[in-house]
Amino acid sequence: MTDDARIADVLSQVTTATITTILLKKGLRNVWLRGTRPLRPGQPRRVGRAFTLRFVPAREDLATPESWSSPKSTRAAIEAMPEGCIAVVDAMGVTDAGIFGDILCARMQKKGVAALVTDGVVRDLAGVLAAGLPVWCQGAAAPPSVAGLTFVNWQEPIACGGVAVYPDDLIVVDDDGAVLVPAALAEEVATLGPEQERFESWIMGEVQAGAALPGLYPPNAENKARYEAARRG
Amino acid sequence: MTDDARIADVLSQVTTATITTILLKKGLRNVWLRGTRPLRPGQPRRVGRAFTLRFVPAREDLATPESWSSPKSTRAAIEAMPEGCIAVVDAMGVTDAGIFGDILCARMQKKGVAALVTDGVVRDLAGVLAAGLPVWCQGAAAPPSVAGLTFVNWQEPIACGGVAVYPDDLIVVDDDGAVLVPAALAEEVATLGPEQERFESWIMGEVQAGAALPGLYPPNAENKARYEAARRG
Amino acid sequence: MTDDARIADVLSQVTTATITTILLKKGLRNVWLRGTRPLRPGQPRRVGRAFTLRFVPAREDLATPESWSSPKSTRAAIEAMPEGCIAVVDAMGVTDAGIFGDILCARMQKKGVAALVTDGVVRDLAGVLAAGLPVWCQGAAAPPSVAGLTFVNWQEPIACGGVAVYPDDLIVVDDDGAVLVPAALAEEVATLGPEQERFESWIMGEVQAGAALPGLYPPNAENKARYEAARRG
Amino acid sequence: MTDDARIADVLSQVTTATITTILLKKGLRNVWLRGTRPLRPGQPRRVGRAFTLRFVPAREDLATPESWSSPKSTRAAIEAMPEGCIAVVDAMGVTDAGIFGDILCARMQKKGVAALVTDGVVRDLAGVLAAGLPVWCQGAAAPPSVAGLTFVNWQEPIACGGVAVYPDDLIVVDDDGAVLVPAALAEEVATLGPEQERFESWIMGEVQAGAALPGLYPPNAENKARYEAARRG
Amino acid sequence: MTDDARIADVLSQVTTATITTILLKKGLRNVWLRGTRPLRPGQPRRVGRAFTLRFVPAREDLATPESWSSPKSTRAAIEAMPEGCIAVVDAMGVTDAGIFGDILCARMQKKGVAALVTDGVVRDLAGVLAAGLPVWCQGAAAPPSVAGLTFVNWQEPIACGGVAVYPDDLIVVDDDGAVLVPAALAEEVATLGPEQERFESWIMGEVQAGAALPGLYPPNAENKARYEAARRG
Amino acid sequence: MTDDARIADVLSQVTTATITTILLKKGLRNVWLRGTRPLRPGQPRRVGRAFTLRFVPAREDLATPESWSSPKSTRAAIEAMPEGCIAVVDAMGVTDAGIFGDILCARMQKKGVAALVTDGVVRDLAGVLAAGLPVWCQGAAAPPSVAGLTFVNWQEPIACGGVAVYPDDLIVVDDDGAVLVPAALAEEVATLGPEQERFESWIMGEVQAGAALPGLYPPNAENKARYEAARRG
């Protein structure tokens, strides 16, 4: 199993809520991509390296249906995506032009892209849902991307939902949205995450049994000892 | 079959995504009404002539429960709506006062109004859903319209979701929201739309069969020829 | 039955739409808490006294995981909540840091809190839904509260969704969101509400039977008389 | 002197701050037009009847340079403005297309228009300032109105800065912006305004002499008596 | 000279730009109060302890002219302000109701308040400017505070411009706006600030003499040595 | 004189208002950079080729004072700027972190940069004004860029104020803000601009002489003939 596969495997058991708590303790407060909600409720948690795409605003002389044939097109970007990556698209938060529709999403699904994440929207909602690709975005809009956006390039640093995303940063998506794990911290998060989940699970058991919160969450010395005892089992 | 009925019949098979692409090619980039989402997932695609209503902000001396009896009331506007029209309401994007509740929506449903479209919200969500009228809007709020809006008139040019809507423009609504087709372009969109849908359907088949996007979508000469051959079938 | 129980019992039959109409007639236009949508569709209508919590923005020297152990923590606030109250949380409309996750919501549920209302968001959506506490909010975000917020105190006057909420004001929540009834007006709203619901129900029957709106809603003298006759039945 | 001239004469001595206080006491809280700042510091206070103009969003098939020759053009609207009126323009708060430039403002100045008020912006700032017409707006932008707006009509009810303005309502503008006085309340405001100004002037004298605020502003019985004595002087 | 006087004296020579750089190096990124611009260009730099005031939204039953006589009024808060403090007002960013007008500002000036800082606006701009109190805010609006705000209390933790302000934190205001220095860091900032200003002044001299930036700002070892030499010089 | 020098010379006599009108007639509606106001009133009109810089949001592990020494720093970008260019900075509209302060602006001024244009803000306002570089931006903020932004690269396509700017597009700035002229259209705008200015100047003369607008602006056949006669004059 490669390092990436192992980390992805571990993190697929860790919530984005837990990951953001771990990153905050390391001084990283701005890692959650605003406006990236699951397009369909209950989409599975996914983990992958970021493959970035970047748009700038539409300009009538540049953002045309003809531009779809350019070598710097979204089509070419999709063909460059490796299996298992998560496509992260900087749409500058534009919600009135859909970055991709059913055909492009179907092609990404064919290529084994793990998920599409954007601070913009998709178009042809019914078609995108039918294509089967898990999508995190702000919703749907009918107009094509060129009605509001000009595609620029792929695998550059981007802004997405107010977060800086660099190619090959790790992305984790679940019901709470999408979070970024800087590439350099992936190993550490994969180590701390499962332990944090175990600990919170024990806390939840205590709460369900009627325990009050002060002294429990976060735990005082007594509860720390009780948890350690329970853990050693 | 009247022209309107024929156009409606044809366009009920064309997605709003396809319609916006066709209109963009004719130079119209601003035809999708922002903030008009289906109130209930899976509402059927609808096509109709716009019947416009216009609000301005509330003024305590004008926007009162008493105003509901005025000859320029929303009640009078609803009685003037012809069967099959789509009511399009300029609520200036206000989301904290519901333009209509269950009773007004039930009356519109009785009169055969095809759909209600607004950049504002409705109130009494449970009641509106029970009334059965398909609604595209920004959601729901409890307060009555007079808490934030003063009704002015009907069948005037309006702004709705950042788009100019004139009485009798054509409106098409589906999962992606609501789009405007200027009255003068309805015939042409009804001609081009189904062909575009056929073409995209062929592309999707190619993608599902594993084809890459460059040269396919948009098609190069070879793929154009293949499509023409398939079409003549 | 206490006064509170009686009022809650009556108001659990009155929609927030009706309550806002009654309050508007008394000159109160700003009682609907913006951005407080049901977290899960179909949550039951709830009525309770407001138990308020207040956040200010995060400051790196104050909003830390360590602050969770402070005597002025959200944990202590939750322990102070009486059974049947509705927790109303001023998160200043912040949507990129979740005020509470699964553990805190589970504890509130254990303590018999009737509902959680906030103009912010929760975190760990799956966990919060599993905890069973009915929540009205703007959605979910992964980051912990300290990523964007500093907790200050409880049972102070707060702003929530653009509305002033004082401790012990009455809160009613349903599909349309959350509305405030000033404590001094609770009795009167509980008197007027059911009658208004009965009246609107009669109107709806008329509309379903094909009646036009002018003269009916609001009613002219003739329809008032018909309603009175029907009511005396 | 006509009623209008007399009222204008009186109100030209009353601040918009005082006028809004008087209107609030009559239950009108929403009379200040948001986003209408003086274009040049120190523009004189002006009073006049509202002459309204209305825009909707741009549509490429409607908002064209050719539309400037239409009978429903801004040019025709300007020719219809009576001397002494205040032009109030509903630009829907659009700040990236200037409603008028130097030529149209110069023509309004020639026709004796007292002021231009809009929730949008002007264009060709240097030229507009040179034209001499006092303007209250959100600032300046280079693009012509048709880049973002379609002109519809004049002397209709409009929204301007979140306030409902009807033709012939009274408008007062000064350093604090623009306020609306409903036509029906003009006489009363003209009566109460000067007295309020006198009273506040006396208060200010007391404050300058070192008086504390509680009991003074608003005055208790003792200070009311002192003011009455001073007034009778 | 008290500690406070000494710190104020030192910091009155340090720009808010320099202070924010120092605080960022200590991990504090969110200390600049958004929307607090000088009301009059060229107001002097001021330093003082925060005296906080807090508003919540207006409620028609609470925010009335009568409330101005309440013991919890803005008037009472002003009388409690110590000489040399900086009044910091949480107006929740509301820009359509002025928190204070000429009379209240004149009283604050009389009491020796060093400055007024708010994320809201003032009213009666001409009168406030005449009162002489230096003000940092978002601008001016005619309506009284009760048109949009309810005053709650003073000397509580508040939010102002997206920053958490606690009573007795240090506030510094200049042309760039208002910044907060946590009370616990005041001494350290007063130590580091003047040295940073001296250093940047030396850099500016180098730039004016034609030096390129890389290696100079931030300095490499050579330039560090040159600066040290110049400083001892 | 080079082509660039000649075009710049011609366009320095043409307002940005006129340029946007010419571009709109060619189908380009989105060329005015929103939020780019002159920092100091009365800054001279400037014309130059765009030299672009791009920021993404701050990340605590990337946006540090140490990053100022990186080879991909703003310092290196400034050293790469050619004389006469206009620096156009994509700050994503962020207004709470200043992209540049006095030292960087002084260096740009030394290097002969014609102007700085950004949709963000500068810091150390007094210092920037003293540096003498003409700046178009949204205002000032005290915090350093790393408090909110991470610098990425220069001479890439960027978004600035909602407009797509490519390296070497032409930028013109005046009192109305900043407009983009696509490189391919520069020659044509330089040809049409002066003629349009002459024509509008003649119109203004007519208006000053008392002419009504309809038939004059835009001109009917008679007025076109009169203008042609005057022009040949």
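Labels A, B, C, D, E and F are assigned to the chains in the order they are written; within every chain, residues are numbered from 1.
Here is the rule we use: a contact is a pair of C-beta atoms (placed from the backbone, for glycine too) under 8 Å apart; a residue touches a chain by one contact, two chains touch by 3 or more.
Predicted, not measured: the structure shown is a model, and the values here were computed from it.
Steps from subunit C to subunit E, taking the shortest chain of touch contacts, total 1. Here subunit A and subunit C face each other with different sets of residues for the most part; under half of the interface numbers are shared between them.
In this entry, A-F is the pair from A-C, A-F or D-E that repeats the interface of C-E, since more than half of their contact pairs coincide by residue number.
The distance from the centre of subunit B to the centre of subunit D, with each centre set as the mean of the Cα atoms, comes to 36 Å. Mean C-alpha positions place subunit A and subunit D at a centre distance of 49 Å. Note: centroid distance subunit E to subunit F, computed from Cα atoms, is 32 Å.
Touching two or more other chains at once are residues 27, 29-31, 58, 60, 162 of subunit E.
Interfaces, counted as pairs of touching chains, are A-B, A-C, A-F, B-C, B-D, C-E, D-E, D-F, E-F.
Touching subunit A in their complex are the following residues of subunit F: 27-31, 56-63, 92, 150, 152-153, 156-159, 162-165, 182, 184-185.
Residues 15-17, 19-21, 24-25, 29-32, 34, 37, 162, 174-177, 179, 200, 203-204, 207-208, 210, 212-214, 217-218, 220 of subunit D are the ones that touch subunit E when the two sit in their complex. Put simply, subunit B touches subunit C in their complex at residues 58, 60, 65, 68-69, 73, 75-76, 78-79, 95-96, 98, 101-104, 106-107, 110, 123-127, 139-144, 146-148.
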